[in-house]
Structure formats: structure tokens, C-alpha cells
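Before any comments, here is the structure.
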Amino acid sequence: GTTGEAGTAGSGGEQSDQLKVVLLIPGTLGDKSFFDAANHGLEMVKSELGAQTKVIEMGTDKTKWEPTFNDIAAEDWNIVISGGSEITEMFNTTAEQYPDKTFINYDTDIEEAPANVYNMSYSTNEVSFLAGAVAALATQSDMPNANKDNVIGFLGGMDIPGINAFLVGYIEGAKYVDPEIKVAVSYAGDFVNPAKGKELSLIQYNSGVDVIFNVAGGTGLGIFDAAKEKSRYAIGVDSDQAALLKDTDPEKANLILTSAIKKIDTAILEAVTKAKDGKLGTGKRQVMGFVENGVGIAENDIYKSVFPADLQAKVEEIKKKLENKEINVSNAMGMETSEIEAIRNSVKP
Amino acid sequence: MMRLKYFEVYRTAAVILISLAIAFIIISLVSSQPVETIRIFLFEPLSTLSRMGNVVEMAIPLMFTGLSVSLLFKTNMFNLGAEGIFYISGIVAAVLAIHLSMNGIIHPIVAIGAGSIVGALLSAIPGYLKAKWNANELVTSLMFNSIFFGIGLYLLNYHLRDAKAFSNVSYKFAETAQLAKILPGTRLHTGLIIVLVLIVAAHYFMYHTKWGYELRMTGANRDFAGYSGMKTAKVIILVHLIAGFIAGMGGSVEVLGMYNRFQWTALPGYGLDGALVAMLAKNNPLSVIGAALFLAYIRIGADLMARLSDVPSEMISIIQAVIILLISAEQFLKFWKNRMLLKEAKLHE
Amino acid sequence: MSGALLEMRNITKVYPNGVVANQNVQFSLQEGEIHAIAGENGAGKSTLMKMMFGMEEPSEGEILLKGKQIKLGNPQEAIALGIGMVHQHFMLVPSFTVAENMVLGMEPRRGVGIHYAEAVRMTEETARKYNLSVNPRAKVEDLSVGMKQKVEILKALLRGAEILILDEPTAVLTPQETEELFRELKLLKQKGHTIVFISHKLKEVKEICDRITILRGGRTEGVFNIADVSEQEISRLMVGRDVVLKYDKTQNNYGEPVLSVQQLGAVDAEGKSLLSNISFNVRAGEIVGIAGVEGNGQSQLVEALTGGLTSRLAGGKVEVKGRDIQNLGIREIRGLGVSYIPEDRMRQGAAGEASIADNLISTQYRSKSLNRGPLLRMSSIQKLASSLIEEFKVRCSGPSQPIGMLSGGNMQKVVVARECSTGPLLLIAEQPTRGVDIGAAQFIHQKLLELRDAGCAIVLVSADLNEILEMSDTLLVLYEGEIAARLDSPSSVSEEELGLYMLGIRRQQEQYEEEASP
Amino acid sequence: MNSLLNVILTTDFAFSVLRVTTPILFAALGALISNRAGIINIGMEGIMLVSALAGVVVSSYTANAWIGLLGAVLSGTAIAGMLAFFTLKFKTHIILGGVAINMFASGGTVFLLYLLSGDKGSSTSLPSKVLPSIDIPLLQDIPVLGPILSGHHILTYVSILAVIAVYYLLKRTPLGLQIRSVGENPHAAQSVGVSVVKIQYSALLLSGFFASLGGAYMSMGYLSLFTRDMIAGRGWIAIAAESMGRSTTVGTALTSLLFGGAEALANALQVLKIPAELIGTLPYVATVVGLIVYAIAETRKKRRKLAQKTN
């Protein structure tokens, strides 16, 4: 569906000088995560660059993606945006047939890109490393809702590479702070089951976990409910999730120490701006790390007020080391399942 | 009786018109150009060859599962297990498509054959439980859907996942395993021929063979079939085997026809859709073709509507629901039939 | 026709499947009479009554009660106007108690719940008032047929039925039960009730009714005072030709025993004896009748003979052509040449939604003449079906019509046609003419006799005493699971005498012992 | 293994079983009532989804959780009414009707959510209210039992009362008697003037009523928000539970508890080193095994009884 107000692309002939940007979502909006963030980026493109925009949800039936890419590429859009490792192959194939148009893949781990495709990837592992450090520091601390056990938690939507990229960074970050730390890991097996997310979180909290990292989409919203019920902490993902809840449920929001953010929205805006000015270096992949302002943790009011200042300083220190590459974080992308399992088991409580 | 004979045709036509009118009204509420929108819904699927191809492509798996379910329903087995079978057989076919090397004709036959046989055997479990212990097939089939999904996902993640693809997808299938395309400009593959042959065979089986006869009689009245000397327990197991074989073949064909890697991380939903198709087809094999095409057509139409107009994609399911509710409404327009009946009766007086 | 209590004028009824069940039917009911409706199967009797009871709506025509036009949209409205109906098929909820069935839809309340004690009291009171004794606390599924019939009548009376419609109430009753019912009906009549009585048994109609309306093919054929018409005339009006009510049965030379039952016994799940010490032979060309009040072991005996025994055999042997059938499946038993006309045609005898042709071939689709390997010979099947439909005069639109659309009698003809057409050596016929009109019954009887003359051994189980006395060469009477009498020339036995055996009042002990141990 | 026992042998675990069971139980009771009237309502999932959203929306607009609950129940019941209208009046096939309701609800709730909050995923921007949890005086002080049975969400207690209410309804009230008669022999019911259609309407509406309590529980107690497709199969589990409970009230309640327990156990088992995909199948495997054991035991029992009798 069209969430922007743009009419159909084909009818825009008379204003042909206007920039036309289309975003194809391989799924549905409302994930509070990278689809929504990408959509937000598109909205910024519209408002800040005055482009004609349109977002299309392609749904979860993967057989429909390829025809949609082809259909859309054939229309008169200047820039076609989509994202994900999953779609990279077919996205590239489509792009090759339309060398005059610019294609932006806002989140992929695959490096190869045709000449007219701009690939971006985010240092998920690094930002998760930082989140893990925050969690480890919190569980050791004397913060009001922290206990004496050095156990932190992780809730993933599914046991898949995209999720495990967060997990591995998170574990390494936590271990960096406390090599003896334990990390409870659960997967809900589902991205739309917040009740299950809550149950799994409650089990973790009850077993001594005091911070859980949410990497489970809609399911993860159950973590915050559990955190409120048990008065424990949580860490959000993708966007600043405390901000989501600040107005409607401040009590809950105050338990979200920070969020590991992929700045897909600004990355899209920047890329489109560059493309408009003809400065986008296509044909390669750009890794968006701390330096590129592609990732970061939410340093909002809650972080500043709830998370002790001395610990904030430690986090800042670690962040610097990550930026300088003094710390190297493993990347779960490309790891075999067995390697990931070994990492998980090494910190199992 | 001439006019009465065509009553069903009139009724269906009228119902479709009325549901379209209702769809139009709903669309008018949210669309600024309802006429254009409904035009897209109705005619855009026919606008290009590739879109017509999309309709048929989508109908292929629906025909498989629709046929499978209609055989079960015809035997009065309320079994919704096609969903899980479709999935797990897809996995089986994928394993063989990845690991075997054979020539381009035998390879798909072996992979699909294995998927179908596994489907048949797995489907026989609820069948056996029903025939032998009278265990409710609805419950067992629903449970097995979740079990097969879990097992399939485990196999995908732990044994088939291509770490280099950076998402939860399997290794690429061997080229030789993939089904050949049969119409340039579309993705139509040989699966279409397979399913059409299968449908005709099933029709023949059902209405022209001893076994089909036993199956129909067991479904119509199991006591009667037993009284007549049929071994109804065997018939029930047999129909489960056949239905599982067909659903399994559907899963295998879909995987090898439409994808080059296995990549379902959720149940694809064709099993439940198959129940829908079977119902619309009144459990008649030949009618499955029409019912599947109909469903695929309105889905593709609705997708295009969501993509090309300002109607959000969620509208699709609302409009589909309205059409399904009305199309099977036997009493809808009943008064009309009653009037015709009375006239006929008078005529014969 | 002024002064009629209830009048139906120009009634036409077309069912949604296009069947015209009533066409321009006129019917009127005088206060305080017992009015019979007669007609062949499918003549439209039940349909007419269902409209009077609000279960079906007329397509055209009007209904007047006491001169005022009424519209009956549902049974509730009919009940409110004092119309009650006892349907031919029991309209009872088996798992409910008698009292629950009685008060269903008009439950006495205490608070929000049902006042069970009151329900029981109401049942008892009504039962006492009309002299119909029932046990309010018994579960309906445990009741005998006669008892169920009483519950049905009481149900209508409890709802204040002034007009009581009885659709073939006697089809399943023994003569004694029928007598009792008639006494009750006369009592009701005395109390001022008006009764509509449907039956295929014209003797009964003559005995109890005042007037009769005859339907044929959905139209009114005439209304008569019962005294003015004879049984012969009624049946001629119904069928449109003369009906022979007696058969000339030739004396047969019996062949070898086909069925041999020795010392058969059976118990139910609770261990109660259902059959004990049953021994008899049926020879080729012989009809052995089995009579008995329902629930005295006939069903179990039939089960034992047809391989469908759900209760448990306790000793004894059943042999067909010298082969013990106890461990054989139904298919194997049928393979020995056994055919079976089941009592319940809706449950076992037919698959309602399947076509007539499909129903006709269910016991012989495996024979070489109907298939070629796994493939069915469709044209042979069609031919067979058409010829059977013609031979058995099944009234239908063709072999592909679903059998469920036929009236009960025609459905029964299909069942009989199927079972007779396989050239059986042994035929078990259980209630072959229940609820079937005299024309069709006569036809079925003739078919049985033809089979007999062709050398088939027949076991005939029937509650119709006239039928069983007329048809049987040898008659066994079952009482409490044992053979209470063995009558060698049944046609010379009176119905009353047979009734005494059936009720266990008389017993043929010694004679039976002698014959049982040859 | 130790860590597992540490999780399971706690009052928290037992407590969670009841919490997980609640929505399943409500929906299963709903399925039970309609099934007893002879109609299979497979629209549970959809009804629960609609009521879950309605609870959130109404409570956030009225700032009152109880009015929210009312809204949830009314809209869930209305959806059931829509299903009843089409299947009873227009004779739409009940299964197709159920499928359509589920489809309608899945798209309709997201659509409505989007209209109201500009968000297609969740209702976090709506200040919705939740119903309270309650401590039961006296009971809460008993060791072990107290922490297990006290302090639950109010709708959890309602669900237990609902079991009693449904039992009473079906067994003891005129409506229950009529519902059962319609399910067992509709002709019999019709012949004494019970309107089959009216009773089936009532049964479907009641079925919607109970399912919507389950839906309201999901978004106004269990969780404090609505997210798309948040019922996540609980309606289907409920249908299976009712079926496995052989359409009796007590059986349905017990099998719902079994499902709830298996689900809670599956959650707890995540502490073990078993792949999450396989653990997720545990409730279903347990059900199948339970079903088979039950069926075999029943057959054996019958046989043994017969054997005793004949010897």
C-alpha cells in the first residue's frame, strides 16, 4: 500500500524533473525495526528533498518479490530502494537490466554489487558489542533494579543469521566487561508473538537476569511488559524504543536503558541526497559503523538519568576503542551454525 | 428445467457482481480514485503476459494443496495437514536438489519423487491414528503441521543453511534440479503440467476406479461402505497416503519451480489455502483448477491494487473475506431460485 | 366445508431441489375425528403434514384454522395454535432423559436453571392423565421403540396439542403395542382431540379412522368416510391399479442347508446375555422368518450372520455353505454369496449424497462385469443401474440422482434391488418393507419369493406379523435371546397366537429341545 | 538439566502455566459451546484478534480499562455475529466462513490500527489500559499454593469461573439443553418448536463472547498492547484442545491446561542446549502422544472389560 501521498508513478510525466524514489519492503510495515526505519528514511527523503515517493509492501510471500522488482524497475522511478541479504540476489539481477537507474540496498551483507547498485551494511556486531557492554555493566552495578548475579539475557525472534549477528556482538561486548558473565539466550521462533516474548523474558528475569536485549521484532515488545512487571531492565533494538513508549507508558520506557540503533533512516536520506547530487559511489558496499553514523546506541534522557554516569563513561571509552578498531568484533554473518552454537554455549548460565 | 439448470451459473455471476459492488464500496471509503482502483483489481492481472503468468504461478501450489485437501474432504476427513506436508516435503526435495548430482531430467524427478513419498508417509500417520484408534484427525493434523515446521526449520538452520548467503536460506540447488520454464516472459514451470496431469488423474481415479469409488462411499457414509464390504480403515489410510503424496509433490514442485534455494522460514500457508480451494471447488478435482485460478486471480489483482493505487495492502484480506463469504452463501439469492422453481412447477401442471 | 377445524387449500410445495411434493392439495379436518392420510411412498403425505406443523412453508396456498387464515413459519407457531406432530422418524435426543426430551423448548425454570423435579412431575402428570406410562428418568437411548413412541405422543400432548398428527406411528410397533396405541388414540378422541393418522397398513386405517384423504403423486385423489370404502378401493386409489394382497406361494423343494447356526450365544459389553443356544438351518429355497418383539435378540442374530457383530459372541458356530464365518470380514462373508438388506437404510443401507447408481453397485463393483482391473466400466454400471431402476420401478429422475432425494419407499427399493441383483445364495432381509407403501411392499415380497424360487436361502426378520406369517416357510420366534417357538406352517398361525409367543406368554419348550439336538 | 529443574520446580513456573492457559481456555470454551450446537467455529483466531484490538483502542480512548473490556467483548461478539449471519442466514459453509473471518480480522485489525495510530505494527502509541491482577486474601499467604494461585490477572480467575459457568450453562439451563439438543439432533429440537437457527445464533454469539474474553486478556492483561497477528495460533490450539477434550466442559478445561502446561514447559526448556526449533514443537508432540496414549488406553479398556465379562 501507499503510505506516502504520491500518485502512481506512471502519471508523473509532466513533472519529470522531480526526483522519484520508491521503497520496496520485503515484508510488511509495522515491525518497529528496519522496515519502519526505512520507511521513515523515505519520509525524510520526501520532506527534505521534495522527492515524489512511494513505499510498497511486498509481503512475506517470496515468490512475489521478483515480479514486483521487475514491474517497479520498469516504471519511471529514478531511485529504487530495498533492503536485506535475502533480496540481494534478485535485486541485483533486476538492477542489471536497468543500468540508467540507481538502486540502493539499505541493508545487506553481500559485498558484490552491480555498477548501479549501492549496498549498505551496518556494524550490527559493533553496536551489539556496545549493548552487551551496557548490559554487563548494568548487571554488575548497584542500580536499583540490578541484582547480584552476573547474568544478562538475549531474546531473539528466530535462530537466524540476521538475529545472531546481534547475539555474537552482544556476548563479546558483555565478556569484554566481565569474562565470567553468563548470557541467557532464548528464541521465540516467531516475530509476531509478544505473549511468548513476555513468557520467555519472565523466565529469564526469574532466573536472575536483570537486562534483556530485544532482537525479536513484535515478539520483543513482550520483553518490556515483562520488565515492567518484574522491575528489571531491557535494551531496545533498531530504533530508540524508549521513545516509542515514553508518552504512553513512561514507567516502562524508564526501564529501557538504551537501544542498539541502526540508522537506516538517515543512511537512506544521505544516500539519496548523494545520488541526487550524482555523488553516490555505486557498485560497492558501504559499511556503516560508528564513524559513518550508521549505528549507535540511544543516548537519550533515560540513558543519561537511569544509567550511572561512571558507567556511561566506560561505555564511551569502549565506543572509542570500537571506532579506532582497537577492539575487533566477530561477525556472525557467514558463521556456521555450529560456531554460533559454540559461542552461545560458552556463556550459557 | 432449462432455466433452473443454469441457476448456479446465474447465482455465481450475481454473487460475484454483488461482492465486487461491496468491494467497490469499501474501496470508495479509502481511495480517492475508486473507479481506477477497482479497474486495477479486476483487469490489471491481465495487462501483461508476465502478470498473467503470476496468476498461474500462484495457482500451481494452490492446485496441489486444493487437490490434496479435496480428496481428504471427499472422504469426510477433516484434515488440515497439507500445510506441514507441503513444507517438510519442500525440505526433502531441497536436500536432494542440493546434494545430488544428476542430469537435468532425472534430478527433479528424483527430488520431487522423494518429497512426494515422504509427504505420503508422513500424512499416513494421522490417517493411521484415525483409522486405527479413531484419533481426531483435525487435532493430529494441526499438531503435525507445527511439528513438521519445527523439524524442517531445524534441518534448514543446522544442516542446509548457506552461511555465505547471510540469511536463513539453504545452499543453492543444483541447476539440474530446477524445473524448466515453459513460457518465456513468465516464470511458469513444468510444475503446471504436472499438476494438471495430476488433477485429471485424480478425477479419473475418483470417478472411474474401484478405489476412488470406495473413497467416495467411505466419505459419503462410512457405515454404508463397511456394510457393503469395503475395508474403510484401509481406505482412510490410502486417502491419506494419496493426499500426502500430492501435497508433498506440491511442496517439492514449488520449491524447485520457483526458488533456487530453500527459504521458507514460516509455513507458507498453502495448506490452509488448499482447504479454501477445496471448499470452493466443492471437493471436485476438476473444479480445483477453476477455484485455484480464481483465488490466485483475486490475490494478484489485490496485490496489484495495493501496489498501483492508494489502497493499503490490508484491504486485500478484507475484500477477499467478503468475496469468500458471499460466493459460498448458498441461501443468498434463494428467493430468486424459489420463484423460478414455482414457475417451473406451474409450467408442468 | 364450513365448520372444518383446520383446512388446507390449494397447497403446492416445491422443494429447493425442484421436487414438487404437493400440487394443489385440499385437506380438511373436522373437530374430534381421526382422519387418515394414505398414499404411496413419495405421495406427499409427510410434506403436507410438515406444512401443517410449520416445519416447511407452502410454496403456494393457504391454511385456515377455525376459519381464520394462519401462517405457520415454524413449529413453535403451530404448537402455540394447538397442533402437535409425532414424526415417523423419532424426533428424540438419545442422550437426554425422557423428562428432558419432554420439556425441551418449554423447560420449567428455577432461577436461571432448569427445574428438573418439575420436569419429572410434568412428565408423570401428563403420563397419568393420558394413561401412558413412562419412566421420566430413563435415558431415551435405552428405551424400546414402543416406549419412544409413547414419549413422542406425550411430548405433543404436554404442549397442549388439540390436533395431533401421527406420521406412520405403527410402522415399528408390535400388534400388542399397536392395540395399546389405538386404545390410547380412542381415549384421546374421547377427550376431544383431533387426530391425523398416516399409515400404510390399511387394516389399521379401517379399524380406527373416521375419514380418509388419499394422495397420489402429490395431488388429492379423494376424501371418503371410512365406512364407504374398502381396503381394495383405497389401495386402488392410491396406486392407480388393483393391488393383490395375497401371494400364491408354491411349495418348494428345499435344497441343502446354506446357513447353519449351532448353539450360538452372545453377550453385550456388560456381560448380559443377548443370545443363547440358538440353532437352526436355512436350506436353499427356504424362507426362515424371525419374529420377536424388538430387543429380543433379532438385531444381534443378524449381526452374527452378517459379520458386523459389535457385541460379543459367546460360543457357537455360524456356517455358510459349511464355512465358519466368525472370523471373516464383511467382504469375505459377502464373497460367500451372502446378501443383506439392513434394517436402517439411512445409516447402513445407503449413502444419501451418492447417486442411485453408486448405491446400486456398492456390493458388486468388484465383480469382473463392472470393472477392468482397477478401472470401473462406467457404461456397464449405467446400464446395470438403469435396468435395475426399471425392474424395481424406482421413481427417480435417473441413475445419477442422489439417493437421499428419494422418498423412503423408493430408497428401500434401491437397497433391495442391490441386494437381490447379485444372485445371492443367502439373503438376510431385515425389515425389508418397513415404512414402505403396499404397492412397493408387494413388489418387494414378490422379489423375495422369486429369489426363493430360484433357490436362494432367505432369513426374513420383520416386525410386520402379517408379512412374516405370509412369507415364511419356517418361523422362529425369539424371546429374550432364545428361540421360543419354531413354527413349521406359519400361514396357519394367527397373529394373536404369534403375539403370545413374542411376548413370552407362551413357549414351545419341549418341541424346541428335540429339534435342537438332531 | 539442573538449570531446567531450577526453572520448573518453582512456583513461578506453576503460576505461568495458568497464565499461558488463560487465552486458550477462553477460546476453547467458546469452541465448545458452538460445537455442542453442531457448528465448528474455526474463526476463533480472528475473533480474538479483533477483540484484542478493540480492548486496546476503546480503553485508550475512554481511559477506562473496564469500558475497554466491554468494547472488546462487544466487538468480538459482533464478529461472531457476522459469522453467524452469513453461515446461518445465507448458508455460507461454516469452514469457509471461519476462514474468511480470520482473513478479515488479520487485515482489518492492521488497517484499523493504521487508521487510528498511523502504525501498522503495534499500538505502542495508544495509551491503552490494562485490567488489574488480584491477590486473593488468605490464599495468598499459604506457602507454595499462595504464590501459584494468587496474584493472577483478573481474567485468569474469570476463565476459571467461566469453566464453571459453561458447565452449568450446558448441563443445567434451558439454553444449554437446547444447545445440546440442536447439536445432537436438530430435527428433534425443531420438532418441539426450538428454533435451531436461533439456538445456533446464540451458541455462536456465546462462542464469540468467550473467545473475545481471551482476546481481551491478550492485550489488556497478559500484555499491555496490541500487535499485528498477536494471537499467533492460540485460537487454533483452542480448537484442538476442545476437540481433544471430546467436547466436554471438564475435558476441554483439562486439555487446555495440558496445552498451557506444555507451552510453558517448552519455554522453560530453552535453558537446555537443544535447538529452539525443536523445543518449539514440544507442546505439539506432547499433544499427539497424549492423544495416542488416550486412544489406545480407551481401546484396551474396552477390550479388557469385554474379556472379563466373557470369562
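For this structure, a couple of remarks:
So that you can tell them apart, the chains are marked A, B, C and D in the order they are listed, and the count of residues begins at 1 in each.
Just so it is clear, a residue touches a chain if its C-beta (ideal position, glycine included) is under 8 Å from a C-beta of that chain, and two chains touch if they have at least 3 such contacts.
Keep in mind that what you see is a predicted model, and the values were worked out from it rather than measured.
Looking at which of B-D and C-D shares more C-beta pairs in contact, the answer is the pair B-D.
Spacing of subunit B relative to subunit D, judged by their CA centroids, is 28 angstrom. Mean C-alpha position of subunit C lies 45 Å from that of subunit D.
Subunit A and subunit D have centres, each the mean of its CA atoms, that are 35 Å apart.
Separating the CA-averaged centres of subunit A and subunit C is a span of 75 Å. Among the residues of subunit B, those in touch with two or more other chains are 150, 153, 157-158, 312, 314-315. Chain contacts: subunit D has residues 110, 114, 120, 275, 277, 280 touching two or more partner chains. Annotation for subunit C: no residues touch two or more other chains. A complete list of chain pairs in contact reads A-B, A-D, B-C, B-D, C-D. Interface residues of subunit D facing subunit B in the complex, by the touch rule stated above, are 86, 89-93, 95-97, 99-101, 103-104, 106-108, 110-111, 114, 120, 233, 236, 239-240, 243-244, 275, 277-278, 280-281, 283-285, 287-288, 291-292, 295-296, 299. Taken together, the subunit B residues at the contact with subunit C in this complex read 1, 4, 208-211, 213, 216-217, 220-221, 223-231, 334, 337-338, 341-342, 344-345, 348-349.
The touching residues of subunit D, when paired with subunit C in their complex, are 168, 172-174, 177-178, 180-181, 184-185, 187-195, 302, 305-306, 308-310. By the touch criterion given at the top, residues 28-32, 36, 158-159, 184-187, 189-190, 192-196, 198-200, 202-203, 206-207, 218, 221-222, 225, 228, 244-245, 247-249, 252, 341, 345, 348-349 of subunit A touch subunit D in their complex. Those residues of subunit B lying in contact with subunit D across their complex are 129, 133-136, 138-140, 142-144, 146-147, 149-151, 153-154, 157-158, 272, 275-276, 279-280, 312, 314-318, 320-322, 324-326, 328-332.
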